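Here it is, the structure, as structure tokens.
Labels for the chains are A, B, C and D, by order of writing; each one numbers its residues from 1.
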Amino acid sequence: MRKICVVLTARASYSRVKTVLTAIHAHPRLCLQIVVTGSALVGRFGNIIPHLEAENLPVSAIIPNLLDPESDTASAKTTGLAVIELATFFGNHHPDVVVTVADRFETIATAIAAVNMNIPLAHIQGGEVTGNIDDRIRNSISQLADLHFTATENARARLIQMGLSPQKVYHTGCPSIDLVYQDKRLDFNPYEAYGGVGSRPDLNIPYLIVLQHPVTTETAHSKWQIDHTLHALAAMNMPCIWFWPNADPGTAGTAQGIRAFREQHPELPFHFFKNMESAHFILLLRKCACFVGNSSVGIRECSALGVPAVNIGSRQNGRERGPNVTDCLPDTEAIISAVRRQLAHGPFAPVTLYGKGNAGEQIATQLATIPFILKKHLLTTS
Amino acid sequence: MRKICVVLTARASYSRVKTVLTAIHAHPRLCLQIVVTGSALVGRFGNIIPHLEAENLPVSAIIPNLLDPESDTASAKTTGLAVIELATFFGNHHPDVVVTVADRFETIATAIAAVNMNIPLAHIQGGEVTGNIDDRIRNSISQLADLHFTATENARARLIQMGLSPQKVYHTGCPSIDLVYQDKRLDFNPYEAYGGVGSRPDLNIPYLIVLQHPVTTETAHSKWQIDHTLHALAAMNMPCIWFWPNADPGTAGTAQGIRAFREQHPELPFHFFKNMESAHFILLLRKCACFVGNSSVGIRECSALGVPAVNIGSRQNGRERGPNVTDCLPDTEAIISAVRRQLAHGPFAPVTLYGKGNAGEQIATQLATIPFILKKHLLTTS
Amino acid sequence: MRKICVVLTARASYSRVKTVLTAIHAHPRLCLQIVVTGSALVGRFGNIIPHLEAENLPVSAIIPNLLDPESDTASAKTTGLAVIELATFFGNHHPDVVVTVADRFETIATAIAAVNMNIPLAHIQGGEVTGNIDDRIRNSISQLADLHFTATENARARLIQMGLSPQKVYHTGCPSIDLVYQDKRLDFNPYEAYGGVGSRPDLNIPYLIVLQHPVTTETAHSKWQIDHTLHALAAMNMPCIWFWPNADPGTAGTAQGIRAFREQHPELPFHFFKNMESAHFILLLRKCACFVGNSSVGIRECSALGVPAVNIGSRQNGRERGPNVTDCLPDTEAIISAVRRQLAHGPFAPVTLYGKGNAGEQIATQLATIPFILKKHLLTTS
Amino acid sequence: MRKICVVLTARASYSRVKTVLTAIHAHPRLCLQIVVTGSALVGRFGNIIPHLEAENLPVSAIIPNLLDPESDTASAKTTGLAVIELATFFGNHHPDVVVTVADRFETIATAIAAVNMNIPLAHIQGGEVTGNIDDRIRNSISQLADLHFTATENARARLIQMGLSPQKVYHTGCPSIDLVYQDKRLDFNPYEAYGGVGSRPDLNIPYLIVLQHPVTTETAHSKWQIDHTLHALAAMNMPCIWFWPNADPGTAGTAQGIRAFREQHPELPFHFFKNMESAHFILLLRKCACFVGNSSVGIRECSALGVPAVNIGSRQNGRERGPNVTDCLPDTEAIISAVRRQLAHGPFAPVTLYGKGNAGEQIATQLATIPFILKKHLLTTS
């Protein structure tokens, strides 16, 4: 049995690799170790422990490490603590491969701990481009990793271009897209299931889904950036389902902007959720008239669903996108105009740019079947 | 005044950037902050504080963070502690640029702390290839850095190939080579100046200089690898000046091998130094008949000096080299044969592959004169 | 010059030692080093940096270390980080004496760092009794300290009874009481000066001041405990000036209780401040009809001012008190009844139980004039 | 099943509580969790993992945290790391009681982590007096603990005098003494079993056992202090079995003194062991002519065995002792004279001052049978 340790640091990362976790857990030759840390343990950013339990996925350890975000040292210290404590976990549990996901600032901690301990590191979602600090973190992790599972063919090509060995870079598709293909036809009432705050607009009329994170290189701007989105959607005055941003530098500004606006405009048809089980989120997304924000959801999931998306600002610069995405500046008028255009267009044809629904299975299979003793193989030829 | 913070984590890194430190300190528009951490604070690995004081270079802070090396978590935890405490330093001292050097495992801590705090990061000696884990660390740091100073033209080309923006990658030469050109014609007796242990062979007859580090991906092999070198040079029975290895995973094995051999063979003409001021080291190197080991010294400094070098094992795989280097396996017979070949050849013609002696000056000038406000410039276009 | 390092971890601690800081700073033979850490750096708990700047007190370093409070590991990890980073500060700045204050969970970090580095430790406010976990922390710090400055004679006697050497235990009075005697007759409008949220009741009619912290051994109860106070004071329907609680385990419950109640009862004459400059706070306190809560303010400052106080629950159990204090359970009816009784009584005669107004001066004098070389003296006879 | 977590930080602590571990592990109502950290994981200070495995005692986690001892921040940082990582362990494994042992600097980390997480803390060997910094650490831990198991009646009385509640302080005897009563009549050759370095004197003629630690408040003196012992015993020229000191501030000096002396005097009948299984150590001790050093072994174990002991210097000042102990200064002549006096006297009558051999059993029984729900009981009445 190969022991595969997946470190989850945020709600978003969990959603991205959920089908990988399920596939590893189900695989007869793999033993799954899940470590949960960072904002993934904190209620207001979306504690994923109940979700893991609901899926019967085993949690090997929790490592609370999130520093109070007010200090500009918070993300560095959170990362440093994670390196220290993940090393202890690895030293006690001896994973054969450590898996890290995407590009959040604290995911590099997983990479550093694994590399310093000579444990093979697999990276999911390397090689993408978003045009901000995430690129640097993502590419930095790719350089540390031994094994790469990319979401697109272009991403694979970019990693090879960066000097990584082609036989270690697998194009599997993005596991977050797997969920789009697992349509469970659930019937659920999001307000009853998840509570949240704000109005409870009727979701049988056209509604928007909004998810806007602070941009990590523009943290001082997070408040006015979210303000433009808030004002634009207030002007539209149509039902909006908002999701709370990730715990990032700048989140305080985004959160403060949302809270203040909400208190001033309780009459608007806006509802705010902290978190939602992925399958439910996909259902809501599938039915929505347009996605608005700067989350990759607008580009990834929406491309497979054919949902129109308005992508605001620089956060997704350079990310490959299908025809469903229209970009705009973080400006009230620009956002209004872009949303109107997308609503006028209506649904797009789905594309398989980010995968065909079997990324989780493919990744588990690769982890189980790489022919040589994995550690030797990965390290001696790296 | 731009505040430039250089973080030094090891004796070797200090030697490499000594002329950069001096040039920054002397520059009228730069304010130098030196932070010393890691093995650079520990006597048995070469405490650099006295050297900095001797050069009148200001130490802004020391951050002791080296974990006892016996645990396989030591290097990860040392890195994690460095991230945490460097963040505090940066938060208190507000450097405009942070400079990190080369590729040691704990230098990535500097990069992570700076990037997480949105402080522009400059990296010296990126883009090189050595064929081991150092490559991964070095490339990972390059991906995080905003500004790059490379030792060779090839290194610059490699960084650009990896996707980094050409206008941020400067070929300056390697500052460690600057020292080779600063020949001070010192007259010194190394035994009196530095003590050390072992025989004190006459250095007016041909002698070897030996510096062999553990290979970080082959830590379990460090003892037998050094044993082969020890046996080979014992068989040669000519004067050997040994230098103690870096604090790395695997150092315990190397150190134990050296200690045990030394106790068993007190009669051999071997002398062991922990550390030496760079100018003195260059003097000794310039006069030596051949360099032996796996340090980059054999490839860098020796190429500029024309000193023959025997490079053992995989640690420098892929590093650009001049005609003065011959490679061999970590095998007693192979080492003997390679050393004999080099001794028979004698001195080579010097080459400027790694620089012309002004790298420190060039780096300081760039740090001072990048036209736009440095932070904005670096971050907004990254 | 003796270097005296005072570590401040919370707004409350700063208020307690403000006159000590001023006296040390003014003393010709003392050099003051202030380190600010913990909740004292966080806006929502009362960032003290602007207050220190306003007083021209020098901040030698800030050490952000507060973990997100949702995890039950947060206070331990905050403490552990403080130990690590204070050690670095002490190692760089070489204080002759380190001063720690009172009994908050993270103050023990200061003690541990100092003791482990053989730096003499002075403790302010040892020997008191409050009947909860604070007692354990406070006594534990007293056992580690070399020098003790107590608020009352009884506290001094208790430390000696615990085995500490009488010649190292000084009864100086409580420095927080010094402020009560420094009446600056300021004329200020608290709403304009400090903002805050809620109604702005007229403070020329009788008003209450409320400050209730979570009880650290009863963290699961913090919400219902504050709820009783909220309901009791809502029933009284008189002007109430509330202050925000410390960052402690359980604060989330207290804060949530206050927030929810405030949103439901915007009509009540309640105003909420996060923080207030001590002199202003004393002014408000001096004029108030009754203090309500479980802060030591009701027992210490109010005793010197003769202000009636209702002390709720177990947090101050065992603390020496003057005639101005009445105790009650955390129960709506009990609180209403106790407040009514105190209002009916009106002001009490002031008592000097907690000091005469010169504690800061006395402490600075002792720190400067202990006859032997301080470190030797403290350590060799301990 | 109550989960009892015992944190072991040093070889010496393990030896002290070995019978407690065995008794907890054997108890049908207790579940034993052992966490190993600090110097107890490091070969040169006596890695206890093989010993635990040999006894079939379960290791729940290892937490490597020892900083390189050269920095004066090492013990503080080791302690801080332990607080952080123990919190994570407690948060994952939910012990009902945490047990900490004695007085080493890093044992306070266990106490702080447990107290901060509201987990009842039991302390073994509180209330003793040794006259140095250990007293402060030990008393500080006692103030934090909820439950106390003392080695002597006097120690119990001292804790009660310090203000602790009598019903929480149990006199059980010292578990390290249990081993003295478990005479296994082993026949073993220590040189074959444990290797070590130096001469191998015949142990059928009278021999000395030596164990001298650095004194933590006198770390700068550790080298000359050990030098006096080395010279004294060299002058005696009788077989000496030396044991390596604990990892403490000052160990470097002690170790350096021993190493240098050993290299200069290879002819002396001295043998040096790093570590030894407790039962073997007791056998050697039982047969020795005199114990020399500053370890508590001379006072505790030797009193139960009637072995003469020469106690050097201040480290055990104030510790209760039987008639078998003679004290002397760390001075060559004084040591020689004291050893000669003890050799002339020969064996003493054993005394039960430190226990009757059932301390481990008693402690396990108390942990299992404290009547109320342990956590509530301990915390609500504390």
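In the analysis below, a residue touches a chain if its C-beta (ideal position, glycine included) is under 8 Å from a C-beta of that chain, and two chains touch if they have at least 3 such contacts.
Labels paired with UniProt names: A, B, C, D = UDP-hydrolysing UDP-N-acetyl-D-glucosamine 2-epimerase.
Bear in mind the structure is a predicted one, so any value in this text is a computation, not a measurement.
*Asks:* Using each chain's Cα centroid, which is most distant from the centroid of chain D?
*Replies:* Between chain D and every other chain, the largest centroid distance is to A.
*Asks:* Tell me which of B-C and C-D has more C-beta pairs in contact.
*Replies:* C-D
*Asks:* Averaged over CA atoms, how far is the centre of chain B from the centre of chain C? Could you give it in whole Å?
*Replies:* The separation of the two C-alpha centroids amounts to 51 Å.
*Asks:* Centroid of chain A to centroid of chain C, CA atoms only: how many Å?
*Replies:* 43
*Asks:* Return the distance between the CA-based centres of chain C and chain D, expressed in whole Å.
*Replies:* 39
*Asks:* Could you list which residues of chain A touch at least two other chains?
*Replies:* Residues 64, 71, 73, 77, 81, 84, 88, 91 of chain A each touch two or more of the other chains.
*Asks:* Show me the residue ranges of chain C that touch chain D in the complex, using the header's touch definition.
*Replies:* So the residues of chain C touching chain D come out as 71-73, 75-77, 79-84, 86-88, 90-91, 105, 108-109, 111-113, 115-118, 133, 136-137, 139-144, 158, 161-163, 217, 219, 249, 379-380, 382.
*Asks:* Under the stated contact criterion, what part of chain C meets chain A in this complex?
*Replies:* 41-44, 64-71, 73-74, 77, 81
*Asks:* If we count contacts the way the header does, which residues on chain D are in touch with chain A in the complex?
*Replies:* 61-64, 81, 84-85, 88, 91-92
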